[in-house]
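Common to both upcoming complexes is chain A, partnered first by chain B, then by chain C.
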Partner chain A sequence: MKKRAKDINTPKSIATPAPVNTTALLDVHNLTVEFKLRAGNFFANRNISLSIERGKTLGIVGESGSGKSVFCRTILRLLPSPPAYIPQGKILFNGKDLLTYSEKEMRYVRGAEITMIFQDPMSSLNPVFNIDDQISESLRLHTAISAKEAREASINLLRLVGIPSPEKRVDSYPHQLSGGMRQRVMIAMAIASKPKLLLADEPTTALDVTIQDQILALMLQLQEQVGMSIILVSHDLGIVAETSDRVAVMYAGQVLELSPTEAIFRRPKHPYTVGLLNSIPRMSGRTDRLLPIKGQPPNLLRLPVGCPFVERCPVADVDICTKTPVSLKQIEPDHATACLFPERVHG
Partner chain B sequence: MTESFQDTLLEVKHLSKIFPMPRPFFDVLLKKPAQKLVAVDDVSLTVNRLETLGLVGESGCGKSTLARCILRLYEPTSGEIHFEGKEITHLPPGEMRNIRKKMQIVFQDPYSSLNPKMTVRQTLQEVLRFHKICLPNKEQTRLEGLLRMVGLQVEDANKFPKAFSGGQRQRIALARSLAVQPTLLVGDEPVSALDVSIQAQILNLLADLREELGLTMIFIAHELSVVRHVSTRVAVMYLGRIVEIGTTEEVFEQSMHPYTEGLLTALPRPEPVRRHRKAAVEGDVPSPINLPPGCRFHPRCPIVIDVCRQCIPPNRQVSPTHQVLCHLRPNPQWDQLAAED
Partner chain C sequence: MTNGIVLETSSSNHAVRGVLNQISSWPLTLKIGIVIISIIALSGICAPLLTRYDPIIGDFDDALAPPSLEHPFGTDSTGRDVWSRTLYAAQLDLQIGLITTYVPFAVGLILGIIAGYFGGWFDLILMRLVDIAIAFPFLVLIIVILAILGPGIQNMYIAVFLLAWTMYARLSRAEMLVVREQEYILAARALGYPPLRIIFRHALPNVLSSSIVFSMSDIVLNILLASSISFLGMGVQPPTPEWGAIITDGRNFLLQAWWITTLPGIAIVITGLGFSFIGDGLARLLGQRNIQTV
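Showing the complex of A and B:
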């Protein structure tokens, strides 16, 4: 056991990190993920370029099927191949491309440098091991400590994530905890190794409003203490607005708009973002009718060459938009949109 | 028929639903009493014609159970349900069938609430025939009318549910419920499983249908912004009890109950303002098997005083339409007292 831990701890290529010339912790270039299925081939992620700075939060919003979870899993290289292939792209983490790592090196990155929390805390915890076993496992895998020390560390982590009487809870099994507590345990596991990047894939979607509020508050508070970066994936614009520094809007596998949170919500520059913002009922003021986006989300197997949003877009020039491939373009300092006609978009 | 009778469509009086929990064999040997899960506890409310009553609360607060008791999909443990002035709490199944024609429900998950082996036509025909809604020769016209009403194409009638997306399936489920021309439509989280852009389409459709068909609705959701958007009146539930009920403005703008306030603060808003980084309501929702005594909210309440821990709070009238289940509110001086405590 100890030997294994040592093995993973010091892969030679990671021991001396390459000099970093950018401030970005994670820099994704032109990442494309293709799924090859019996039904056909499609791109779950197309030409994604994103970066995230140290200690900051990037929010990714998008509806189901927009490729936001695929993006997170690709960063950690969790997708099985087949069916998932990465025909092009780079994922620079601390200046080094994760796509060139061996499986062994990746195992060190996962859980030590980059960790992830998933939507459903019940199915991501192992039901037959108690909380101590599960937190200690991740601790002992990456640091050479005894079981007793790991238990102490687990209790401290549980206390840190706000679980009452952690000395008792550490011996509980997942089914004995509520949904909110399980998600707290997941967070404890995720921050156990003081990661540099936390991927949170819809971390509060399965939780109630008041519990969601607690979990978000906890995540931001821990971010300050640990100084990690967070990628927060959510379908809820409210969550992203309140927690993120920057926001990427995804649709059909592409990033359609990327900018600081303030600008996305105050001056959206893509018709899809505008559509999303108009679709949600507001708590302030009363509107009799919502302005939904017309039509249905596109079938990924039959996407047009051009903009994936063209069929539902109110400002599209159908001839041009269906044929011209779109990519993010800077239209203001630090505000990029994939729309070919951003001047027609009024939030 | 008196005026007030006309106005009230549904009246629920002191309704409770208690589920007995399975009793472990050891408990039987020790003659321990079976545990009980109190899902709905002494709930009284009225629903007036043409209004939309929103029911909000977190999971396990009993909002779905309450709705199912009203439709008698569950048998209430105690209490009375009056529909159109008639008590329906103990109606035999045969008579209940006629009442069900007037009250329908749409469920949350459009994937499991439609039979995958039946085409849209078969799904709708089944309802039309069972309730003898129209003559067989009028069936086709009625069917087309229904599909058009919910925004589907006539050609869609011969497709199976798997051919449709979530939003479209919810439209089919809606068409099925509306086929019998109900007076009361209960929506049990009808838009919660849908994406934002589709959710807005269905919400608009519901608003149109309510107007066109003169529907009275009970709309259950955990999303406060959605409830605020659709409802004329709102009831907030917590652990089986309605803690606050009033018009939408009263509940959202002048909320009295600390739980309602907590919910409103906890709600993330799509405004780019970095808010508080302190949780609005601390603690977990207690288990409905081991309910706290007194006020159910007291273990999490920020303004709790001693009396809350022992006595069930009275139902206080704030205005003719606004009621709150709290010892302290609506008494501002009590708040002060609690702050000094």
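Showing the complex of A and C:
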């Protein structure tokens, strides 16, 4: 356990990444994730294709069950193999396909090149260790430094993420910190190794609104300092609008629309996106009723062959839309939609 | 309002006071149990100081004497001072209790958490072994093994070690099944920590509580087991003092010399109570909801 990543010969496969001819840091092609359960098999992710550039933020929006978290976990290969299987797809990180990496190679990637923060700060920290132990451990696992140096580094990290009196806080236990502070600690642990990509899986959902704001601002600030890309997963359109350069809208395991933030919000090209935007409660204009999307989320065990949104879609052509499988198609230089009739969609 | 004088407490004082504060907030049963067991343990350790009589060689002239100032617990059939024997036996019984409990504890814990974390064939095989072990009454199996191996404390240890780890394996595996789904374990995996580190450093401290609480009752049961085995003549051999052995000796004289059997018996009861209190107190302290106490 005392071996450090530096002391071990890193497998050649990741020590010298292949030359890339795109600027994309992460390039996902046709990723499909299947869950085989006793109740049946279903695709949690179906043909996901998207990419993210260095230093940019990609927001992934979708309701619960749309497959956003599964996607993040698949990037880090955290899903156990029964029941999750990856029948097809490529996840190119710096040009190398993560799906071909062995478990050992993935462990070099996790926490160092790609890190993840989770939704519930209450349970993301081990209750039996203090903050110093937890941050120092991740530091010392990836770099050869002494306990004292790690403690200093931990204090600096806490200061960086905006925790007051870090020298005192570093000896606290998680139960002695508030939710916002715990999430800051999680962020500190995640950026400690200056990762290239941060996966943030609903990092502010469990926090109250004022803290939410601070955490997001912190993440963007750190992004600039560290130069990392962020994939921000949320069901909150507001958060995504504020922080992302590009947005992917997911539904029932598929990406239905993918474009820069402005385009998604001003000129959405998918009825689901329009539905989401319309359902946002407003303070002015019509304030007596909410406008939900008609219908229920689909049963993933029995998805129709065609568009998963067809039963709830106000502009669908039922014959065509139920039978034709959908996938993202570029309709404008940087705007892709999976809708078969984007011209019928008015934002 | 002080007149400007600030008393600087040294940091070691702070630490001591911090610890004392924590201890004083422990549940009452825990504190009582610790006191009881400490008294018994100390008595055992300080036995030579608390009695001048030899526990093994007795004065035949003074056999079967009732409790008196000279012999607080009376004497047995060969004139040995029962108080002295009880004290010296305390050492042995506590030692037996701790070894027969914590060696299987360690083995069962390690096997259980590995099985719980990884699952697969290791888990399957381990659980089948556990099933076999718990299918039979524990005492019967111990006696069978001792009948094969022969009497004596060493063989009793072997017999217990062969069987008792299964309880701890089951308990710790069950806890591990819950803990491994916790988000901090997922976070640890997401940070690239290797599985053994996750199991032994991150998961283990969170898996311990139910095993520790259970071990308290187990100590009591094991002391009783040792006493029963000695009672049957298959454990501790005479003239070594052990509570069960003393009780056996006194059986034949129950009507004439009740003190030989009864008073060491009370010692067992008090020890058992002490450990049960500790178990109960620990359960409260550790916030257990599903505990099995004796």
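Please note the rule applied: the second predicted complex is superposed on the first by the 331 of 347 C-alpha atoms of A that agree within 3 Å, B and C clash if a C-alpha of one lies under 4 Å from a C-alpha of the other, contacts with A are read in each partner's own complex, and residues count from 1 in each chain.
The rule is short, and it goes like this: a residue touches a chain if its C-beta (ideal position, glycine included) is under 8 Å from a C-beta of that chain, and two chains touch if they have at least 3 such contacts.
Here the structure is a predicted model, which means the values were calculated and not measured.
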**OP:** Report clash or fit for the pair chain B and chain C bound to chain A in the combined superposed model.
**Re:** fit
Subject >> Partner chain in contact with A:210 - chain B first, chain C second, else both or neither >> reply: first
**OP:** Would you please give the vertex angle at the Cα centre of chain A, with arms pointing to the Cα centres of chain B and chain C, as a multiple of 10°?
**Re:** 80
**OP:** Could you figure out whether chain B or chain C reaches more residues of chain A?
**Re:** B
**OP:** Tell me which partner A:109 touches in the superposition: chain B (first), chain C (second), both or neither.
**Re:** second
**OP:** Using the superposition on chain A described above, determine whether A:118 touches chain B (first), chain C (second), both, or neither.
**Re:** second
Original post:
Does the superposition put A:186 against chain B (first), chain C (second), both, or neither?
Top reply: second
**OP:** Identify the partner contact of A:269: answer first if only chain B is touched, second if only chain C is, both if each is, neither if none is.
**Re:** neither
**OP:** Return first, second, both or neither, reflecting whether A:127 touches chain B, chain C, both chains, or no partner chain.
**Re:** second
Original post:
Which of the two partners, first being chain B and second being chain C, lies in contact with A:56: first, second, both, or neither?
Top reply: neither
**OP:** Could you tell me how near the closest CA atoms of chain B and chain C get once both structures are overlaid on the shared chain, in Å?
**Re:** 6
Subject >> Residues on chain A lying within both footprints (that of chain B and that of chain C) >> reply: none
Original post:
In the complex of these two chains, what residues of chain A are touching chain C?
Top reply: 1, 76, 78, 106-112, 115-116, 118, 120, 123-128, 137-138, 141-142, 186, 189
Original post:
Which of the residues in chain B end up touching chain A in this complex?
Top reply: 58-59, 165, 167-168, 195-201, 203-204, 207, 222, 224-226, 228-229, 252, 262-282, 284-285
Original post:
Along chain C, where are the residues that touch chain A in the complex?
Top reply: 182-184, 186-194, 196-197, 201-202, 205-206
Original post:
Which of the residues in chain A end up touching chain B in this complex?
Top reply: 63-64, 178, 180-181, 208-214, 216-218, 220-221, 235-239, 241-243, 261-262, 264-266, 275-284, 287-293, 296-297, 312
